[in-house]
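Take a look at the structure set out below.
For reference, chains read A, B and C in written order, and residue numbers begin at 1 within each chain.
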């Protein structure tokens, strides 16, 4: 673990010099600042911010993660010749990517939030932060799996963007399709299950319901609201995010362990 | 020092190493030669644990390597082409390796001076030339004076002076009793440095023995001619 | 001498009290000669003023059949104790000022009220306080009366055992002004009422509707505030209604509306603000309504327009940050939209005249999908849905092609 910490430290100093990370931070700074300042009431601003987050974080995490893994291949090869276990190195490189990305996001939204001086929605804001960080964890892990499974950079990047498109856009198309196909049946539970399976949707929906949008949905909304605001819902949602994170990290670890460099 | 038994490696449909059996003697310089894509680098990377073989076993210093990484503290490695994280400084990478190994490298200053790297330590890798990176790579491999040195095309990309410095380093380490494995396409270099030679072709070992006997058995022809002949024979 | 004068006075009052300008005063107080209101009413003649001093009067079922004025000093408490009505007014020109009236009885048979005006005219109910009454002010077949400056509060839990704050049935020419109404079933209820003026009232936290009227023509509603009522405001089967400068705020819930309009014709809804309502205006079977210069902000739906409505005009409204600006259940359109500001509008204004150069389609494809499949609302704010909406706005195939604002404004209208 000690070695892992050292790797994280070095990854950190490497990644922090990357201009992409600075752009990423500035992007969140600009978006959150303008939303908190000009976006009307803070609830509305948070909803808009969340809409940006559930799209941008997966996109940047998966692209940045894939690129970064390709770029750190030499580093990995150099370090692998030293007495360090593959597991420790993988965890080090992974956390060395996830932590700066998360911090960059956190700084980008936290600073404007504190500057706005309006802490009424602090709980919702925390939910937004946690969701954002989970999405970073999940999509960086996905990026690592993709990068490790594809040695061809172009192929890997293409695949990363495909996965993002699938989860951020196409998936919702499938949900809509399911709703139409099974319109004669009580479709709510199926929709609920589908949205829990996709971390992007889960983030979006958790947030929607937090703002009482459920009222727009009548009976269906009441059902969702009951589920997501109840203990079971919070448990299932958190479990879903944790399971996604764990599965992808383990998959990445396994791929890394069996990989030829 | 290193003993390899029935080593087999496939990359998909490409059969890179076919049932390799090899014994590397301690205190000797062993050259691995062969045409491009004959499996030299795969063999080296298998020893380093960078490539996971499909079958067979590798023993380093009497212990089978199997997921355990502690034997790597006895190894110094120069890869074929040195690449480093662009946004890190030379010093940071050297320090990282120090951190991982947990000891001070005895030869670090000496080698840095020999390669004129002292002034490059605070530069980012992306600002360094290919040759300088190669020197850093040599520094990292040699600075601990490890029991085993594995050098993949060590002089490629180096200017003649630095290449000379590097060769001197190899000789010094040999005198210290280190075991050295190297690959090169420059036969004169191999003749100059090596004691033993392993000829690899299409993933198989076609010759294994000491250079002196190889030369004497071939009427003291140039090594280059002998190797070329071996390749020709295979091709027929 | 005095006795004779008194007798003459009494005689005069008996003969025709209406001509007497100097009314008599009767004092009611706990330690005075007249201790109860009922007693005072027995003594009183038409035109008398009954002064009720501070104190607690456990009196219910008080029947007023003389034209008197009841005036409270420091809000005496009249407690109906939960049985029957408190005041039943059967005489014209009766006024009640400054009273606190409590606990008119909940009943499933009778609509018990704190004050009931029963077939009277010219009455005033001003500056009273009402607590926990089944119905608070109930006007039945009355006219020319004023209900003003009252504070009306109830803590009804369920619609079935809770009555209305101000209830009018078959009334005419009534003014309801500056009343605060909380926690009743309907805040203000009008049925078969004509020419009522409802002004500056604040109706909040009522279980069903903040304001509810049916079959009530030529009524005017101005500068009222309707906040957080169970289902907002419902307006049905009426003509010539004017709703102006009201605020509809936070009527939020699965079946809540800012205003629900059903079968309303020739009416005006102007200068109102609709903020955070589930549906700001729901329009069904309405004709010739002018919906003008209203602000719709942060509502779920700003307007739900059913296809059986026609010739309604939507002009110079601001639609700002609503989840849906407009939804409808038909591809055809018989209403006019012109010169509104839509925050969703993404067109341009090359000639800088403040009017967008391309027409705006306010109906999103997603609103149609939601209309068909409620559950799909779960996809709100999804990138997929945004993509669909953009595609649809380029080539309308499911949304009403002719429902457009031909002159969308570039800036918020003041």
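One rule holds for everything that comes next: a residue touches a chain if its C-beta (ideal position, glycine included) is under 8 Å from a C-beta of that chain, and two chains touch if they have at least 3 such contacts.
Computed from a prediction, not measured in an experiment: that's the story for all the values here.
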{"item": "Relative to chain A, chain with the most remote C-alpha centre", "value": "C"}
{"item": "Per-chain CA centroid nearest to the all-protein CA mean", "value": "A"}
{"item": "Centroid spacing, where centroids are CA-atom means, of chain A and chain C in whole angstrom", "value": "48"}
{"item": "Gap in Å, rounded to a whole number, between the CA centres of chain C and chain B", "value": "90"}
{"item": "For chain A paired with chain B, centre-to-centre distance based on mean C-alpha positions, whole Å", "value": "42"}
{"item": "Residue numbers of chain A (touch at least two other chains)", "value": "none"}
{"item": "Chain A-facing residues of chain C, complex", "value": "252-256, 278, 298, 300-301, 321, 323, 369, 372-385, 387"}
{"item": "Contact set on chain B toward chain A in their complex", "value": "11, 45, 48-52, 67, 69-73, 75, 77, 79, 83-88, 92-93, 96-97, 99-101, 124, 140"}
{"item": "Chain B-facing residues of chain A, complex", "value": "3, 6-7, 10, 13-15, 17-18, 71-75, 77-86, 258-261"}
{"item": "Touching residues on chain A, where the partner in the complex is chain C", "value": "40-41, 44, 47, 50-51, 55, 168-173, 175-176, 179-180, 183, 187-188, 191, 195, 201, 204-205, 208, 212-222, 224"}
